[in-house]
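Two complexes come next, and they have one chain in common, chain A, joined by chain B in the first and chain C in the second.
The block that comes next holds the complex of A and B.
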């Protein structure tokens, strides 16, 4: 491996490279190379990207910050938006209701993390249980289906490019801009790489943490609402989105230890994962086997990310002793 | 006291022991004998080398040069020297464990493995009652739940629990103990001493050292500069030996910075003097105010009260903080010099929360040139030397729009050349109308201040102005207990 070249590549490039590799493999095995595979991937990827962007912001806030409630909030957002849209006849109100419930669920996490000072992984797990309970209650005798207008839009692909993917791509660019060009974005990155230093530089912990968790909750619920409109609402609709959202963020080049966010990489990661799903289905892997492979992929990326300071000594390994693992010690959890 | 010190072979003896940390000569050819049955007091100001010497004698630190003979050994084993125990000022107990577990950890060889819970509990209970009759500590209490003074008691009891104890080192043992406990503690020390143990007492409480010790060694700049018989000395003579001078109240000069006296007071922190009278720490616009004294005597708490804007303090305008520990609380390790510099100023330059890149670049270019940071604005912060990193951290505070800058001993370990540049910068910024609150453990630095408060036990021991701010006066106020003990 040419280490120098590796150092010079933008962090998001790896995930796209991996996606292209899987695409080529898929073409090779299936023996057909039409644009259908790409269109399909671009149709399904935006939901994962939305959840991933929220997860990315949370993880960027530093060691210990993670939102494990995204899967259940996703399902809840789906069920509620369909129910509201059905009873009011307005899909817009349905999406609004989803955003609202996402905000409520995330508020529970925020209160638990900042006021009760529970480690984020436990706090968001608790939120997850609450969301799951509400979903199950809602789902009893649930007979709803998506608003036809919204469903039509989500399935609309002029020239093989899904319109919804374009909207989410624009949103991704907006997130990139916020991180690079706003004071809050810069403060989030500073806070994530060195919490104490950032606080001494005048950055307030609450201002960062409240926003990232609320945004993550809203995005998860909104993605769930859209996904439910695309297919059908279901209590288990979001289940895959927990591991996947963490994985695509990490594979996309975002540092799990915080301080570096790569929004574009979330797209690369999401496309890679969706194409990989397709490839594994093609060669007949079971669902369990797929999950095992995904788990190992995340570990591999984390292992490489840990080794990165060896390649670039300037990347400050000495000061970042936190392990790059999702089970980061809760004692690093927010205390302000 | 009553023992004749020339009798018997020393428990510990050091000959020409030297120890260096990087550029700092912590110990310079120290020679010392400690005899059984004596209490040896060690006094000295910040950075005199007391702690290093104690760590060397307890076997926690290897020496660079010289010879040691401690309890008949010249090299420590994995557990240090057998027979030598040390009680630390703070933080050596495992906070998540309870008291008897901590005792077991350090006295495993004296405790039967099968009944260790009851044995360790009984041992520590007995010893605690012996030293501090009304301690109120249960051996099954978690260290976490103990108060500072209770932890100190456990620390002392634990250190004295060794069966083969020959030399007990006590590092600032009475720092957080109350009046009655101090008395019973020293009674115990005297009893230990009568039973033939050697004791080293490191403390800056001169009255206590004078009352308990047989001999007193004065340390300065990594050396033992003089050794005194305690009964021949007084506080004043010891102070003089340390290089201190007691400030004469009549000497107070009103000459210092007369022009600055006219400016408005921008900051007030209510405090107490060592005599118990209420007082305030104040700063005027454009003034450099020092917080001096022995490290850990409440200077950081003053900064903390200001930074958190406690309800009892009054501050006008914005604040910026320059932390002392740049690795842990200073640098943003992923970023470049430029981004590290501009993070605090960014909000002030922004428009509706959007960064103004041109303004930021101009600011960064200006400061990088002013401080001549090696490598320029785009160099990764971690590629810089410690001194250059510190320049960036200081500049970060100064390029914000804060009117008051808090300095938390930020120049430790910074080379002399860089220090001189930074002092210049601080003075220039004060001239420009900023107020500086500067805590430093180095007395020499305080001479750059317009006024300095000397703190002791979290109380204001005295206020110095202008030319009064000198090493001698700071040492004098840091140690002098005469006034408070006579009241």
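The block that comes next holds the complex of A and C.
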């Protein structure tokens, strides 16, 4: 096999390849090739995709940028939206409240990052602590269930294609378009590739960072609200979404060091994770075994698909990324 | 003045600028630590005793050692998002294998350190971001821990419990001894040994390390191995503290240790090792929980106050740094 040819694959292809592989395995083991598996995966995936898209935008803003508050904001969004929808009778107001609280939480992160100059991982950690305190207070004696209309929509899948998945897919395309075609998208990518150069070119850090963190917060809270309407609100509803959202984004081909966003890859990564869970449940693996395999697969995918070529261009490369390409040059302290 | 170093003026005394930048954050954290301790002591005077100190500091020992591991990781410019589950996994090994069949237990612990070193090799050879590699590994730690102990249980080995319940002479609390020894060893390794120089060079200027003839792969593997060793030490300390094993005991360590290193003056960009500062950071974060309990604050609100105080301390540091400049 010519390994060099593999380096020319588009960045999102790997995640879909992995997802298809798992799907084929699932079909092989269950012995039936119906669309049920895909429909189920498409019903569950959009929530992870929404969180992942926010995380992707944040990571694209350059090294050091990450949002570790998504899990707690997700849970908070879920609890609040159900509470508001229950008391007002309108699911739209519930979703609005979730977006609002996501915005508030993300604002705390933004203020801490831009004004107090706290590294994003610590700033968003503080935000997540605050969000979890609010969730815990809110959850005391909490009783409420989702609005039936909203739940019906989330479960509605005409012709085996969940309508909600189509909506999120359209949103993903919109994000792709914004990144590829608008000035702001180009600025975000430039900022992520070389922060200092971008700033010399007149791109303001605030304009980029404020937007990505706010969008990530809103998306996490909104996804939480929808997920809570799909099943039931819970303080621990979002816990899996932190690690999963980061893993899914990176498996999808987005560069952790910033400057390359692959919205389509988030779908591939999410489907891969969800189909994998389904497959492991099918063959009766315990939760423990599932975690071990998931870990090994994440490492394997990273090993195969990461930016560095499988065959190094020359043995002389001193740094762990190719030293000559400007976009992978080890950046100067971004938050000093 | 003949010295070539740039100097900065702080409260009328001049210091080398580099040293101020390195030590100031830890100093501020230390001030916060002393303040919190004093408030705790005012609220509950009984903590001023060997038993009192042992009680409030023993839950912090494992956090402090795990923070050392994170500090070594951050000194080479990487972040470990798997340390919480790794420490949890070590407690499950310690509470079962290490107690029943010490040889197998020790082999398992050595194996997990080697696994960490292998992780370092993957990160270096394939240019995988450490954040995501350790995240992937954390799934594995969690899984292994659940295989060994599906539900919390087991018993700490006898010698470990004996150490935890040991009463040293002169009224010195055991947890302080453990933390001080662990920090001193880490400090010596990072600041006084050739290994530490190589780690810090890998963090600040990997190209320089390569040109000086050091192997990047070997250095990174060694650093990850050290992180693994410290993780094992933290796990053993935690086993002694909780008296058993639970893989889900401390998932929060992953992010708390990062906060401890940052509070201690560490940086994400690598090249800086702050062992004593990290200790101050970890103890501050641990004491916060004690303080909030003493204040009878609803346990639901505790995380919010913790988050707020982390922001406040870092904001205070920014202010003081501006003044110092």
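We adopt the following convention: the second predicted complex is superposed on the first by the 286 of 336 C-alpha atoms of A that agree within 3 Å, B and C clash if a C-alpha of one lies under 4 Å from a C-alpha of the other, contacts with A are read in each partner's own complex, and residues count from 1 in each chain.
Convention: a residue touches a chain if its C-beta (ideal position, glycine included) is under 8 Å from a C-beta of that chain, and two chains touch if they have at least 3 such contacts.
This is a predicted model, so every value here is computed, not measured.
In the superposition on chain A, the chain among chain B and chain C reaching more residues of chain A is C.
Contacts of A:119 after superposition on the shared chain: chain C is touched, whereas chain B is not. Contacts of A:194 after superposition: chain B is touched, whereas chain C is not reached.
Once chain A of one complex is fitted onto chain A of the other, the partner contacts of A:127 are limited to chain C, with no touch recorded for chain B.
Legend: residue contacts after superposition of the two complexes on their common chain; A:181 is shown touching chain B, with no touch to chain C.
Once the two complexes are laid over each other on the shared chain, residue contacts for A:156 go to neither chain B nor chain C. Where the contact sets of chain A with chain B and with chain C meet, they give residues 318-320. On chain A, the positions that touch chain B within their shared complex are 181-184, 186-187, 189-190, 193-194, 196-198, 200-203, 255, 259-260, 314-316, 318-320. Residues 64, 66, 68, 112, 116-119, 121-123, 125-130, 132-134, 136-137, 140, 243, 246-247, 250, 256-257, 286-296, 298-299, 302-303, 306-308, 318-321, 323, 330, 332-336 of chain A touch chain C in their complex. On the chain C side of its complex with chain A, the touching residues are 79, 81, 122-124, 126-129, 131-133, 135-147, 150, 206-207, 210-211, 216, 255, 258-259, 262, 267-269, 298, 300-308, 310-311, 314-315, 318. In the complex of the two chains, the chain B residues touching chain A come out as 319-323, 327-335, 339, 343-344, 346-347, 350, 353-355, 357, 380-383, 396, 400, 402.
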